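The following block contains the structure, expressed as structure tokens.
Chains: A, B, C and D, in written order; residue numbering restarts at 1 for each.
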Amino acid sequence: MSTPSPVSITAGDGPGQPERTPELEELYRGFEKELLVPLWTEIGDLMPHAPQSKALPHCWRWSDLLPLAERAGELVPVGRGGERRAIALANPGLDGRPFAAPTLWAAIQYLNPREDAPVHRHTQNAFRFVVEGEGVWTVVNGDPVAMRRGDFLPQAGWNWHGHHNVSSTPMAWIDGLDIPFQYFADSTFFEFGPDEVEDTSAPDRSRSERLWGHPGLRPLTHLQPTPSTPLLAYRWEHTDRALAEQLALEAEGYAATVEPGHAAVRYTNPTTGGDVLPTLRTEFHRLAPGTETAGRREVGSSVFQVFEGTGEVTVGDASWRVEHGDMFVVPSWQQLTLRSEAGLDLFRFSDTPVLERLHQDRVEITPTSKENA
Amino acid sequence: MSTPSPVSITAGDGPGQPERTPELEELYRGFEKELLVPLWTEIGDLMPHAPQSKALPHCWRWSDLLPLAERAGELVPVGRGGERRAIALANPGLDGRPFAAPTLWAAIQYLNPREDAPVHRHTQNAFRFVVEGEGVWTVVNGDPVAMRRGDFLPQAGWNWHGHHNVSSTPMAWIDGLDIPFQYFADSTFFEFGPDEVEDTSAPDRSRSERLWGHPGLRPLTHLQPTPSTPLLAYRWEHTDRALAEQLALEAEGYAATVEPGHAAVRYTNPTTGGDVLPTLRTEFHRLAPGTETAGRREVGSSVFQVFEGTGEVTVGDASWRVEHGDMFVVPSWQQLTLRSEAGLDLFRFSDTPVLERLHQDRVEITPTSKENA
Amino acid sequence: MSTPSPVSITAGDGPGQPERTPELEELYRGFEKELLVPLWTEIGDLMPHAPQSKALPHCWRWSDLLPLAERAGELVPVGRGGERRAIALANPGLDGRPFAAPTLWAAIQYLNPREDAPVHRHTQNAFRFVVEGEGVWTVVNGDPVAMRRGDFLPQAGWNWHGHHNVSSTPMAWIDGLDIPFQYFADSTFFEFGPDEVEDTSAPDRSRSERLWGHPGLRPLTHLQPTPSTPLLAYRWEHTDRALAEQLALEAEGYAATVEPGHAAVRYTNPTTGGDVLPTLRTEFHRLAPGTETAGRREVGSSVFQVFEGTGEVTVGDASWRVEHGDMFVVPSWQQLTLRSEAGLDLFRFSDTPVLERLHQDRVEITPTSKENA
Amino acid sequence: MSTPSPVSITAGDGPGQPERTPELEELYRGFEKELLVPLWTEIGDLMPHAPQSKALPHCWRWSDLLPLAERAGELVPVGRGGERRAIALANPGLDGRPFAAPTLWAAIQYLNPREDAPVHRHTQNAFRFVVEGEGVWTVVNGDPVAMRRGDFLPQAGWNWHGHHNVSSTPMAWIDGLDIPFQYFADSTFFEFGPDEVEDTSAPDRSRSERLWGHPGLRPLTHLQPTPSTPLLAYRWEHTDRALAEQLALEAEGYAATVEPGHAAVRYTNPTTGGDVLPTLRTEFHRLAPGTETAGRREVGSSVFQVFEGTGEVTVGDASWRVEHGDMFVVPSWQQLTLRSEAGLDLFRFSDTPVLERLHQDRVEITPTSKENA
């Protein structure tokens, strides 16, 4: 082919760089011809002293997201090929790609009354979190699972699933997936299923919950650990109660919170006690009124959505006042601090299981400077 | 010393036995003197073709157990030294030792109104199961845990615990422990605590349940797996519902039961999804009316208690009609078949985790002969 | 049946014991009749403050063992039924049973020239250790494995195996098994194979070693972890070198020994890095000349055999001067101290994996009092 | 800021795409303004039916690589800042970045006589493989490790290391790292150490090998599993022998090879039996003369280097005749077939541990069509 080589080496300056001579330039042209790149011109970018994510802290407002999703509900059909009326957060540092963070996909999905999103399956791990509304059942391998305010609904890779709005009102929710990670790792498979969900019934509780939703009890039919959770819905009433109990216990003088005024639970796989999905960690955090968290930075990316309340969020050099439905991203190794006003409830997801399973996780806590609070 | 050697070898007959000559007898005396025993005279006992437990199938009747416990309540104080008013099942094959099976301890415990069982801790793993009654709180590391009908209350080794009857009625329940196993393994440690429980309050829910009793939710303060469950009570309402749901799902046409009409749950450690205690497995089984289970034999010992209903139990060559509170033991590799009349609810515990962790577990299922049912 | 109940309760004295009244005696008779035993009369024996093993420290002399085994070689055939010419250590505290410790079997086995020990398999985990001699091949699932001085040869449960002496001299070695443990746990299965080994060839290296005996290299045909090691021989040359290197590294100033002058290796399963057998730990210890170890007590039982050298061994209150081939037992929680004269090489096996997997392990180290050394 | 939004959405055609109306275009402009991207325009790229790696099959020739490295040896110093004279393979599909595959770095490194590469540490996991030559010691945490032909030398993340050429001849070898993966995951940390290695001695065996290089033997000083191997050198003599034994066993009629004529070993961590490094799998494959492998495709990327022999390699639609030192990349889900001439020895590394630990691994084997061979 006559196309020029895609490799282009620029002789650098600075420590460790060789003298820029004609011979060096000739050597670099030789490298380019053979599709080679030296370490010494790239090391500053590739091997920084601490993570320098290209992703930027950013906050998307629910007051912007929801109207755009509603408008898409008017203009964009949901059907085979497009598959989902989902609109993804595109981190401003990631070249316009629909990636909230290098590894994470976050989107608002919208379904009109009586609408179906067609059945498919994919290796990407997914979940839904419902910041408001109800009326949609997600049907997973034929099991209809109600989606209601505050619910967390994991959807492990390679399970058939479609969504079905049984109500007369539209519904929006957020999706989280590991699409960018699997796109990078070249591990994605995808298959089409039926155009409409196979079971349009709308039971209050899914079969999954009826089998698995009893604390500490495991059906004798399912005794092997599974990589992903078999429980398809984590209901708000349980999450809310668990968080309220932690704060109540703290008030009674017992250790039950991450730090003063900061309750938190992790959604877990009852067959292992570990994360619900192999690549995604999901948690819910509640800050009592007037709480400020310690500064925390960790390796890996997170996305938060505000569920209730208001507060101030600081990520690295960025800071926002946030409220219901707002979503923000915390890039790797950027410090996060949260401050509540009259209370703040937050859903969080992250790629931490990837880092932990590969022994790349690291966390640094900076205590709050109370004087500045 | 002039005391005779404790070793005594009897020359045997049969395949593989040497000819009984004076020289052989002299050799055997030489063995005895040096505390040696040949394999060839012992192999039939030590290495049978399949497990030949010395334990025998046996059934203890609640109608016998409870009056004796009540009488002990009149005659035997509970206090430091004796520690507990517990009366243990002594398997008829095990030399009068208080062992329900070679590895398992099972006892009825009884506490009078306002009585305390003093605080201690031990390496033995324990649990309580409440076949009837209420009014006692078991206080574990200072956390009072209500004990009520149908509840299962694990008590992992080396935690401080005492019991306290806050009510004006006596209460009986059963204790299960790995006392015989740890006695055999020479692993037991024991320490005294205060003579009375440190917290005599009687909350409806323990702090443990408030932290851990939410399905699939884990407090962020406790993220490491622990060998034993941190959840100190598994309430009857959850167990009952889980079992009812399995039978309901079966009736709706879905796979949810171990076999037709046979629902079952295992109590699990939410930090691992595995058994609640390192040495003890605990389960609850429900047979719909008129159900007969497949014959099942497995390596390891089990003890059952009937919670509700009536039925017929066959263990090896033994068979009993059982009802509320009756307890029976299934020795290793003896076949068990259960038949319900108008329904049968059973609590079960076993030493299976020991066998599984050491890769000695084995199970054999014999399908029901419907013709004979 | 008219046979008397096997249960017999003796009213006790001391703290926590009820007053000895006629009513109490009547209650106890009621217990006996129903096969019940109270905790309060048994707790002192069953739940001591620290392990009180019935096993006693004891030392068996090679100078006694070997002649008795040789004499058995003259008088006792090896064949089907008796299976092995193995003579077991019977701990003086264990009622004359052929148990070196509650959980452990240790025996000397002896095979005449050209003799075969017939093929069988059993669930008991086993190993051989060769304190001297050579000439026998143990044939495991058809793979002949040479047995030579210093070699350790694991033999996981449920593999077919026989032994075959290809030489013109007899050979003795020691066997270690978990027979007492599996006898207690009622988990033993046994099957006969052919009367003679299927492959009488005598290769220098077994197929197992050719596949698995390369440090850190795993055949791509066997990528799943197995509960027991697939490597059937751990050769003396490697063990000796590993120990020599530890002492050499220590001499060069690097941390490589358990304590000064004390080198040690554990035999491990290359598919997991853990113990070679699910129930047995095996190690080799080397003390440089004039070394005294710290006192060590741990939960669980051990048996040692002196391979080379001389020294003094203290176990609890017992003490012996030991030399080549001597075997001694360390009961649970008895303190062990070793002192070498011109050097001391020791093979050790124990039931520690049982304790560790069930979270019952505990260790206590008492530093050497140098003044007394 | 006034800079335009980096998001740009192009209305698409085809199944599932909405009608291209002015209203839709306005909606898309609204998305762009809020940094949002719809799934339906991106799904074909992001969620293909099977992995569609942007990486391309490519082969780099040793006859090109080595002269360029030698020339770099003349022109480019090794020192602080540039750190290493390493020249990386740049996959033609990956935008000129120095990435052999999306997750994998592969480079030739070159050190002149008496030269030092300065000490540093980084979270990236690394290894060296020596296709020819000797004379360099890599010094890991102060432990000098000889590098010689055929040796594999893992270098787990966050260990201090430098290289030191003690000889009078230059030396080249290849480096493999997870640089692209950690760059993507934003997990990289890096620290400078001394400019010269701290120990310039040149022992035949490293301290690591003296502690860990004994098959199946573990020092009692190191009993916990570690995420990466503590063994710093896997010597050619062992690898060569293991492969030769597999082919010899096959010739003797035993199952020992992956497929006929195809021997292979995986380098493993002796503390776990698993991969040497958390993110990288490393193997060595040997094809007997005239062997053709089954077609194999798997999720994840691999890089191979020919160690000895010649043959033909087919990766997807590409095919090359390869010889000593040639390196080629197999992108995810591209089928690989190998054919040897007079024999072919290949070193391989891959990102499979990442896929396996996250449950994204998948393999498909296509038997060789002997007719076409």
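The definition used in the following text is that contacts are C-beta pairs under 8 Å (C-beta built on N, C-alpha and C of every residue); 3 or more make two chains touch, one makes a residue touch a chain.
Which chain is which protein? Per UniProt: A, B, C, D = Cupin domain-containing protein.
These numbers were taken from a predicted model, which means no experiment stands behind them.
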{"item": "Labels of chains that are neighbours to chain C and to chain D", "value": "none"}
{"item": "Centroid-based (C-alpha) most distant chain relative to chain C", "value": "A"}
{"item": "Length of the line joining the C-alpha centres of chain A and chain C, rounded to whole Å", "value": "52"}
{"item": "Separation of chain A from chain D, taking each centre as the mean of its C-alpha atoms, in whole Å", "value": "29"}
{"item": "Interface hub residues of chain C, defined as touching at least two other chains", "value": "none"}
{"item": "Touch-based graph of the chains, sorted into line, ring, star, complete or other", "value": "ring"}
{"item": "Contact pairs between chains, per stated definition", "value": "A-B, A-D, B-C, C-D"}
{"item": "Of all residues in chain A, those that touch chain B in their complex", "value": "207, 210-221, 223, 225, 229, 231, 234, 238-239, 241-242, 245-246, 248-249, 254-258, 264-273, 276, 283"}
{"item": "Touching residues (chain side chain B, partner chain C) in the complex", "value": "6-8, 14-18, 21, 23-24, 27, 30-31, 34-40, 42-43, 46-53, 55, 58, 60, 64-65, 68, 71-72, 75-77, 79-92, 95-98, 102-103, 107, 122-124, 157, 179, 182-191, 227-228, 278-279, 299-301, 331-333, 351, 353-355, 357-360, 362"}
